[in-house]
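So that you can tell them apart, the chains are marked A, B and C in the order they are listed, and the count of residues begins at 1 in each.
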Amino acid sequence: MLFLLDFSDFLLNGFLTTLQVTLVGVGLGIILGILAALGDIYGGKIVKIIVNVYVEFFRGSPLIAQLFLIYFTLPVLTGLKLDVITVGYLTLALNSGAYQKGYLKGAMEAVFKDQFLAALSLGLPLRKILMYVVVPQSLRIVIPAWSNELASMAKSTTALIVIGVREFLNTGVSITAQTFKPLETYLFITIVYFIWIYSMLKILDIIYNRVKIPGLEPVI
Amino acid sequence: MEFSRSISLKRLTMTPIEQLTFLLRAVPITLSISLLSFLLGLTLGIIFSFIRIYGIAPLRYIADGYEKVFRSVPVLSIMFLLYFGLGGYIPIFKDSYLTSVIALGLVSGANQSQIFRSSIGSIGRSQMLAATSLGLSSFKALRHVILPQALFLAVPGLGSEIALLIKDSSYSFIIGVLELMKHTDILRAATRSLVFPYIASALIYVALTFPLATYLDKWGSKKKRELGL
Amino acid sequence: MNVLECKNLVKVYGKVVAVKNVSLGIGRGETKVIFGPSGSGKSTLLRCLGLLEKPTSGNIYFNNVDVYATKQDLNKLRAKIGFVFQEPSLFRHLTALRNVMLGLKHVLGYSEEESRSKAMEALRLVKMEDWANYYPAQLSGGQQQRVGIARAIAMDPEIILFDEPTAALDVELKWEVISVMKDLADRGITMLIATHELRFAKEVADEMIFMDQGEIIEIGDAEQFFTSPTTERARRFMAKLLG
């Protein structure tokens, strides 16, 4: 596998791209997920329908199909032409948001129901209710789901290969084309994915175990 | 990487019905990949979950390692490793269809092992004790007492696992399997239309996965209540 | 002088009128009990009085000051009105002690040490001092309710509102919560209690209020309700409760 040293910068760039799209995808997905969850809890009939169609579509179709739709179909329909990396961010965010809506809604309902009223009855102002009651509870409920989501997003980023994003696995395609050593190349890449994703899961697990509290079970 | 530029036909004019028919013809292939990899995953999942719970130490570590590895790597990178990396050495991996089934099945096995572990966990130790107290061998106890209950409890999880496999079978398009995504790509090239093929195929996937996720989940929780599990 | 009072209070949700034109006052040191069938509007009335929900119309007075007309700082007043909920609603991420300390520290502004000692005092009052470091999920329903009462009492409120605090509890857990409430009544703490525990009500209530379909149907002392309710609806409800 030593020949891969010649490609270390190339591989590193690919890996950083993968890392970046994963984090941006999940990060923007949280925002979309929160909005969708709020829409589903507090929205009117039409908002609820829109939220559910969005969620079912993005949960029910493959990421590859979604990438094609946003890369090829969207510009034809709207005239909006996006570069590949933006398509990557956008699609991953929409995809992740659809998945995250589910548990974010659960977390919100769990925290908001009685806990909010109890905090209110003590005379806590809204800012302090959020700071001392809502946020600490929601975070504990949501960490395990985030950890799942990060891992699954990290794995999904390989789909970006179909629109030509130079992510980590795609660097392997280029290296193989030059070196004709697919076994070593893909073995190396697969091992790196494993180390990265496994340690990410492990770290979040350690964090969760440090902050977890009996009775405050995660919703997944 | 070039995937499908090889097909450069003259532009075809097809009615939406003809296009849809063309796409639907790929559905059996997509479903067969999903189903076969599901069955492979089911077998692996049952075996490894039982080993992890009831097995002896060295086997347990292997099962544990298998689960950890295959839950932490992208299925596409496994496909590439098997197809491009091992295809030259092991004949079975020369075939993109079989490679896809195996890669998806290996990953699914790790997922299903976890699904079964959690359902066996909720059955509890007492069932195993009760079965062995009747004089059943451990194998028979697993086969006749634990497994049927575990399967039942696992239904909602398995339903979303099949849905996941239907979606993830689209990765096999990248190594050239003629499934739904590949048909979509061919149709796109033939009709030079970027709209209909992509929207139609995405909706076909939704139609295939939606009932699995929704109804099996409801059915599962209803049965669970009925059985008092 | 009434600590808490409402006049012509109405609360409407969509098309449902939960509370119809209710007027009621609780004087300092008094204990009043509200009872009535579920859905009679007790909970809504209490939440309005606790300033947790804004009435659709009508006035609420705290120490004779009209709360909404004079645009009072609601959070300041909420701190002076204790509230105990039907479902145990302890903050799930905090221990019993921390639950009681939260308001002391972040609403009343006591230091960490002061909050801790005041909270321990309140927990002692409800006989939960030995459970101070347990999380809500590790406590029984009755214990959670007692901590909930401690959380309210620690704020040194001028009145405490109880919204059926024993309704969600098993029979054997009810008595421990009831005995704590009795203790509070003996100490002269001003209370308005929604409850169906009539024997307890008889012991502590200066006045009993029967509500049905959002209205006050009858007000009287416990003796009167037990022997000869004046209204037909109260008579029927008493018959059902007493079996």
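To be clear about the criterion, contacts are C-beta pairs under 8 Å (C-beta built on N, C-alpha and C of every residue); 3 or more make two chains touch, one makes a residue touch a chain.
Being a predicted model, the structure only gives us computed values, none of them experimental.
J.: Averaging the CA atoms per chain, pick out the one whose centre lands closest to the mean of every protein CA shown.
T.: If one averages C-alpha positions chain by chain, the most central is A.
J.: Which two chains does the highest number of contacting C-beta pairs join?
T.: A-B
J.: Where the CA atoms of chain B average out and where those of chain C average out, how many Å apart are those spots?
T.: About 55 Å separates the centre of chain B from that of chain C.
J.: Chain A to chain B: how many Å between their CA centres?
T.: 21
J.: Once you find the CA centre of chain A and the CA centre of chain C, what distance in Å lies between them?
T.: 45
J.: Going by the contact rule set out above, which residues of chain C touch chain A in the complex?
T.: Residues 47, 50, 52, 75-83, 85, 87, 89-93, 102-103, 106-107, 135-138, 151-152, 155 of chain C touch chain A in their complex.
J.: Along chain B, where are the residues that touch chain A in the complex?
T.: Interface residues on the chain B side: 1, 3, 68-69, 71-78, 80-81, 84-86, 88-89, 163, 167-171, 173-174, 181, 184, 188, 194-195, 198-199, 201-203, 205-206, 209-210, 213.
J.: Considering the complex alone, what residue numbers of chain A touch chain B?
T.: 56-57, 59-66, 68-69, 72-73, 75-77, 151, 154-159, 161-162, 164, 169-170, 172-173, 176, 182-187, 189-190, 193-194, 197-198, 201
J.: Name, in rising order, each residue of chain A that touches chain C in their complex.
T.: On the chain A side, the touching residues are 114-115, 117-125, 128, 132-133, 136-137, 140, 213-216.
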